[in-house]
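In what comes next, chain A is part of two complexes: it sits with chain B in the first one and with chain C in the second one.
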Partner chain A sequence: MSEARELTLEEREASIGGIGTARKRKEDARFIRGQGNYVDDIKLPGMLHGDFVRSAHAHALIKSISTEAALEVPGVLAVVTAKDLEPLGLHWMPTLAGDKAAVLADKKVHFQNQEIAFVVATDRYAAMDGVQKVEVEYEALPPLIDPTTALDDDAPIIRDDVASNDEVGQGPRHHPNHIFEWNVGDKEATDAAFAAAEITIREKIAYPRCHPSPLETCGCVASMDATNGKLTVYGTFQAPHVVRTVVSLITSLAESNIRIVSPDIGGGFGNKVGAYPGYICAAAASIVTGHPVKWIESRIDNLSTTAFARDYHMVGELAADKDGKILAVRAEVLADHGAFNTHAQPMKWPAGLFNILTGSYDIPVGHVSVNGVYTNKAPGGVAYRCSFRVTEAAYLIERLVDVLAQQTEVDKAEIRLRNFVQPAQFPYKSCLGWEYDSGDYPTALKKVMAAVDYAGLRKEQAAKRAAGELMGIGVSTFTEIVGAGPVRNCDIVGLGMFDSCEIRVHPTGSVIARLGTKSQGQGHETTFAQIIATELGIPSDNIVIEEGDTDTAPYGLGTYGSRSTPVAGAAAARAARKIREKAKQIAAHVLEVSEQDLEWEVDRFKVAGSDVSMTMKAIAMAAYSNVPEGLEHGLETAAYYDPPNFTYPFGAYICVVDIDRFTGDVKVRRFYALDDCGTRINPMVIDGQIHGGLAEAFAIAMGQEIIYDETGNILGASLMDYFLPSAVETPTWETDFTVTPCPHHPIGAKGIGESPNVGGVPAFSNAIIDAFAHHGVRHMSMPHTQSKVWQTLNELGLNK
Partner chain B sequence: MSSQKISLTINGEAVEAEVEARTLLIHFLREQRNLTGPHIGCETSHCGACTVDLNGKSVKSCTIFAVQADGGELLTVEGLANGAELHPLQEGFYESHGLQCGYCTPGMLTRAYRLLQENPDPSDDEIRIGISGNLCRCTGYQNIVKAVRYAADKINQAEGAD
Partner chain C sequence: MTPGVFEYHRPKAVDEVLALLGQLGDDAKVLAGGHSLVPMMKLRLAEPAHLIDINAIDALRGIRQDGAAIIIGAATTQAEVIASDLLVAKCSILPEAAAQIADPQVRNCATVGGNCANGDPGNDDPAIMMALDASYVLRSQGGERQVAARDFYEGVYATVLADNELLTEIRIPTPAAGVGMSYQKIKRKVGDYAIAAAAVTLAMADGRCADAAIALTNVGDTALFSSAAADAIKGTSVDAAAIDAAAQAAMAAAAPAEDLRGTVAYRTAMAGQMTRRAIVQALSRATGS
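Right, the complex of A and B next:
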């Protein structure tokens, strides 16, 4: 037998499967076999099912609710109404935005499909039978649907419960339908810059109400164990620890007697951040009946009641010189939050991080004003695959820059190059209050322009235009603000938005690590293991990642707003480094050298200038058997990471479309996406995230809209009408990257999941509108459905 | 509620069961048979998360009754692998990063299984058309197309070698 050959340094590094490796995903093994464990897969002994009676009206008083007939239905055990929840104080619940929301309609309904009663039965069919038999008598009230009329003197008052309050959790307000006014920037200086500017442009730009619509809807199984008083709730929670704290705050249950478990989640995209009536009703029903109770949303329930996004009605303005150099930005926004302010956000930010409106551009001065209002529509809104209101801001600035380019007759890529924050300006303080961490915008855009032969495309476009054909080139050079966030300015119900990681190294050198975040498809089981692998020199295949069980995971604020890698990923690196420090002490002890003599090399500590070394695997065993005097046994720790700043991922996208001038059919010929997310942990997963985010951007730009008629009927709350593109419509994507590490993150990473949605939507819009630019068109409203594009063609007479 | 006896083959196993006349096939599979691979995403036949293979056709099990499967031959994602040996499609999805949250994956795999029997050597466009009844919110489809291509190539190579 020959002795095994010693591995080279490169081979040792490759065997780790750490940062930078296109490692295959660990979670896939169960999903490809149909062995995932989603909430509707959970079955507990004696489990009951709940379903909702929902409002037919958008705005009405409830005169009576008759439950007798429903209780006669075989299998129906209980019908819960607001009256039943009131003694428990659970008929209303606090929202993440400082408002309150009805759990079950209390005397009136505020939007169509609002929850009125919860029918509990032995199975889901019986629950539905019971729902059919509950009779609700209404007295219809005039509905308020159009947010632009919400603050009229004679507008119907939506929220009688807070009508006389001076504020509803977000500062002073001046009308019963007003929620907040939020101002940022220097108004006086901005107005002066506009008054003095050679060129100003102004555009009314709406971002329509849409919905994240993950393939799995929301749901839960609540189980109260009467013998030990412990409530366990399995559910679709992007932030399980926050749910635990909120449940404890609104009930009298000790937080230690509440266990929240997020099993596998079938996509979130912001839909699963909030607390919904179904969770409260299932928990209350379990407490009352002593049985586990399951609640699973239907698709119609999902689209019409939980978590809409956007619905921002914006007027944006730029002031510039005649060469297109931007001198000031100004925006006024009307934000439709529906019937309750269930905006998901860090609590100090009523309009999220909308003041990232300066985008990638060096703009000397600016001012933003956002007013939130109530309407008789489903409450929200959430951040649909974006950091809080960052998509709306990126959309507005990217559209405005295109409008300015048309006004000044400067090329749409050139105008961006003229206005970019330059690499030497970082860290860059924006006029609206942020400190951008790092970036190289010109390099990114120039790389994309070269890759697609931008000059050649413009030549082709000119020829096509001369021939009467429509071709559009959309440029989007966005900057995001993600990774909420620094505790000094980010909290949810008072909880700082740090995140956490706990690592345990076992005696044989394998690892289990738990984090306060929760993957919904992002691949945390794979990528977080890679961070720890590189930091500890332990193969990622030997590292198990667990999330989502509040009984075992350290406290964290969850996964949304691209915060997992910037915050929990940083905690993982920090925790691993603490472990490595202790490992060094143990290695020095075992090797009988001083710590100063040791240097780290991939997977071991080596005595400098010698062949003597001790691998992490060997150190792990020593940690449980041979530690220096005064040092505790074991090799485990936790880190809680409060990020010093947000991270600022950016990208440059170019989209090329061809439009059939007779039918309005838009063909996406090419989509080239360059993203810079700092250090790249797993290129395969990054590409996957970009593909998915771009597909969602395509869906939003081309077809997604939650529409209400004037009486508040929601039109199209099923997948018959709500656009989820199939493989046939969805374009193919080309991806590229630059790497500008984040200077304040332990491994230099910035987050990637949301960039393609944030940057993608304006790229599509800009491409379509660019196709019409030579006809004087400056803006077309989303979504760019074929019929709307055709209308533009028809108005311009181009289809003749 | 009236109930009815049905007998069928599920993943190669003969099954007899009693179902209510109104029980949907997806609920029968998930709740009575504990086959939780097929998922429910829309209840209207649009998303395809519930896709199973019934009598040689892809079927959306959320919109047919369990009694309609009586006497049938049914395959779910749980029946794709041959013991520990993955089906080339399962391997393709793993190798090509053809899944993220995993919720559409069982339906997507089951549909692609039938697609490759209908058309063993599909072009990328034919794959896209072939899976257009199955929606995915995570992947943007590009890697799913690659995954199906991977499986087709692998199956065709194995057959060529025979």
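Right, the complex of A and C next:
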């Protein structure tokens, strides 16, 4: 037998598969084989099924609900209404935004498809048979659909239950349909800057209501075990621990008697952050019947009732000098939150982190005012693959900068270079209150411009314009604020937005780690293992990551807002470092040297200046057999990480489109996306996140909109109409990167999941509008459907 | 997303279908590919008490030449249409259009007969059958009749098909060699019905358009056969002015509703634009240029 060759240092590094390795996703083996375990795959003995009777009206009083006929349907066991939940105090539920939301309509309905009654039956078909037999008598009320009329004196009052309250959880309000007013920045100084400026521009820019539309809809299986009083809920929860706490707060169950499990989740994008009537009704029905109860949304239910996103109606203004140097920014926003304020943001931030409106630009002064209102539409206001309201802010500033470029006749890339926060200015304090951690915007944009031959594209565009053809070049240089967040700034129902990781090293040197986050497709099982692999020198293949079971995972605030890597990823590195500290003590003991003599080398501690070393694998065994006196056995720990600041990922995108001037068809010829997310843990996972996020950005820009008619009927709440692009429509993406590490994160990572959605949407809009810029067009509203683009073509007479 | 209760029948022969239809009348629905019917059933917009599945009947499948006609069995799938050498050689508009219907999974089940019998103005085959002057063979226990595609449609989901009738096959007069044809469809995405679409067949002789037929999809309550549009190019050299006139005639014939695909003005304009593009392509095919 030949002696095994000593591995070189590089080979040892490579064998770890740690940070920086483009490693295939571990979880994909089960996903691509159809072997994921989603909520609807869970089948418990004796399980019942629930389905909702939903409102036909957008706004109406409920005169009566008759359930007799439904109860006679074979298989139907119960029909639950608000009256039945009232004695349990469960007919209304608190929202994450300090408001309350009806679980089952209580005397009145506030939006079409609102939940009115919950039919419990032995199977799904019987439940639907029962739903059809429940008779609801309504008295229609005038609906309020257009948010711009919500605060009119004669506007219909939507929320009788809070009509006279002077606040609904987010500060003073001045109208029964008003939810909050939020101001940030220096109004006086901003107004003065505008008054004095040579150039000002102002544009009305709406970000329409859209929906995250994950492939898997929301659902749960609730199971009350009467023998021990323990309630287990399997569900589509992006934040299982928060759900547990909230359930404990609104029921009288001890938190230890509640187990929340998020199994595999088929996409969330913010849709699965909130608490929905289905969860409460299934739990209540299980408690009452003693059977597990399953509730699974249909696609129509999902698109029409569980959390939408955006619906921001913005007026943005920039003041500048004639060279396009921005002197001030101002924005007035009307936020349509639907019938209940169930938006999911850290509690102190009624408009999320919208004050990242300064984007990548060094703007001396600014002011933002946001007013939230109720309408007769489905409640929500979640962050659809973005940090809280960041995508709305990024869209507004990226559009405004283009408008300013057109006004000043400065090139759209050049105007950005003139206004960027410069690398030397970091950490940079923005006029709207944030401290940007790090960035190098000029390098990023210049790299992209060179890659696409920006000057050449502009030349080609000029030639096309001369020939009457329409070609557009869209530039987007966005900055995000993600990783909520510092506990001093961020809480949800009083819970600080830290996150956690617990690591156990087994005797033979493999690892299980559990985190307070929950992957919904982001690849946590892969990337978090890589962080720990590098920190502990243990191959990532031997590290199992678990999330989503509140009985086993440490407490955390969940996955959304690109917070998992910035917060839980940091906790993982911290926990691993604590383990390494202990490992060092053990190594020193076994090697009979002092700790100071040991240095870390990839996967082992080495006695400085000698060949003597002890691998992490060997140390793991020693941790269970040979520890120094006074040290406990075992090799495990937990870390809870409260980030000192948010992180600020950024990017530079260029999109090139050609427009068919007769049909309004937009063809994306090229999309070049450079992202800087700080330290790159797994380049392949990053590319996957960017591809997915850009596909969503494309969908939002080109077609996704939740539309209501004037009576409040929701239109197009199925995938026949709601635009989920397939591989055929989705453009080809070219990705690139720069690396500007986060200075305050243990491994320098910033988060990537949401950048492409945030930065992508304005790139598409800017490209399409740029195609018309020479005709004086400054703005066109999203989504840029063929019909709407054609309307512009037709108005300009370009389709003749 | 759960259908109501229904009885399921899977007959082996056409006569059995006809007997069931005779007996059950409008309590029954024929199930072909199921890709229009089943989505309506899951939403309980359709709740037939009986489903008569015709997929086990081989006699209803297949594409063949029969004298001067091409015969397509009603239960022939769109995938089979795409794969048919006969159609590719002699009636290429059908496989070309089939490739624009839905997606491969749907096309593996969805049938030509279902597409023609369904009566949804969004279906693509009816306009094509109108342009090709196809006839539908309708059978009941009482006998058989043939109805021209151009006379078959009465309104949204309303056709002359009686409750006791089965569409068994579609007869297409074999297009003469040299007939150019084209189907132009604009839609929002794969799997979407047309914003507007136009089917054109035309024949040229001595530099003039000797014959033409034009029909439109999804811009009215039914597919629309527009003789005015065809007349605008017949006898002309199919120059720009004639094409323009045909497009104008198509737009005049179109009466779309506003929906999420677009405004009335847009969908009307697209009826014209698709007509224009279909004529241009059919012409270049007819003249071999």
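Here is the rule we use: the second predicted complex is superposed on the first by the 800 of 800 C-alpha atoms of A that agree within 3 Å, B and C clash if a C-alpha of one lies under 4 Å from a C-alpha of the other, contacts with A are read in each partner's own complex, and residues count from 1 in each chain.
Simple rule for what comes next: a residue touches a chain if its C-beta (ideal position, glycine included) is under 8 Å from a C-beta of that chain, and two chains touch if they have at least 3 such contacts.
Worth saying up front: this structure is predicted, and the values here are computed from it rather than measured.
**Student:** Using the touch definition from the top, say if A:G267 reaches chain B (first), chain C (second), both or neither.
**Tutor:** In the superposition, A:G267 contacts chain B only.
**Student:** Touching A:S213, do we find chain B (first), chain C (second), both, or neither?
**Tutor:** A:S213: touches chain B, not chain C.
**Student:** Which partner chains sit in contact with A:D160 here, chain B, chain C, both or neither? Use first/second/both/neither.
**Tutor:** In the superposed model, A:D160 contacts neither chain B nor chain C.
**Student:** I'd like to know which partner A:E601 touches here: chain B for first, chain C for second, both or neither.
**Tutor:** A:E601 sits against neither chain B nor chain C.
**Student:** Determine, under the contact definition given at the top, whether A:R299 touches first (chain B), second (chain C), both, or neither.
**Tutor:** After superposition on chain A, A:R299 lies in contact with both partners, chain B and chain C.
**Student:** Once the shared chain is lined up, is A:T785 touching chain B (first), chain C (second), both, or neither of them?
**Tutor:** Touch status of A:T785: second partner only.
**Student:** Once the shared chain is lined up, is A:S726 touching chain B (first), chain C (second), both, or neither of them?
**Tutor:** Touch status of A:S726: both partners.
**Student:** If we overlay the two complexes on their shared chain A, which of chain B and chain C does A:E636 touch? Say first, second, both or neither.
**Tutor:** neither
**Student:** Spot which of chain B and chain C makes contact with more residues of chain A, would you?
**Tutor:** Chain A has more residues touched by B than by the other partner.
**Student:** Of the partners chain B and chain C, which touch A:G692 in the superposed model: first, second, both, neither?
**Tutor:** Touch status of A:G692: first partner only.
**Student:** Find the residues of chain A that appear in the contact set with chain B and again in the contact set with chain C.
**Tutor:** Looking at chain A, the two contact sets intersect at 124-125, 298-299, 720, 725-726, 728.
**Student:** Taking the touch rule as given, give the residues of chain B at its contact with chain A in the complex, in rising order.
**Tutor:** Counting only chain B, the residues touching chain A are 20, 22-23, 27, 30-31, 34-44, 46-47, 49, 76-78, 80-81, 86, 90, 93-95, 97, 99-106, 109, 127-129, 131-145.
**Student:** Can you check the complex and tell me which residues of chain C touch chain A?
**Tutor:** The touching residues are 1-5, 43-44, 103, 186, 188-192, 195, 260-263, 265-267, 269-270, 273.
**Student:** Over in the complex, which chain A residues touch chain B? Could you list them?
**Tutor:** That would be residues 24-25, 27-36, 38, 40-41, 43, 124-125, 213-217, 264-267, 269, 296, 298-299, 520-523, 684-685, 687-696, 718-720, 724-728, 730, 732-733 of chain A.
**Student:** Any idea which chain A residues touch chain C in the complex?
**Tutor:** Counting only chain A, the residues touching chain C are 124-125, 127-129, 132, 298-300, 662-665, 703, 707, 715-716, 720-721, 723, 725-726, 728-729, 785-787, 790-791, 794, 799.
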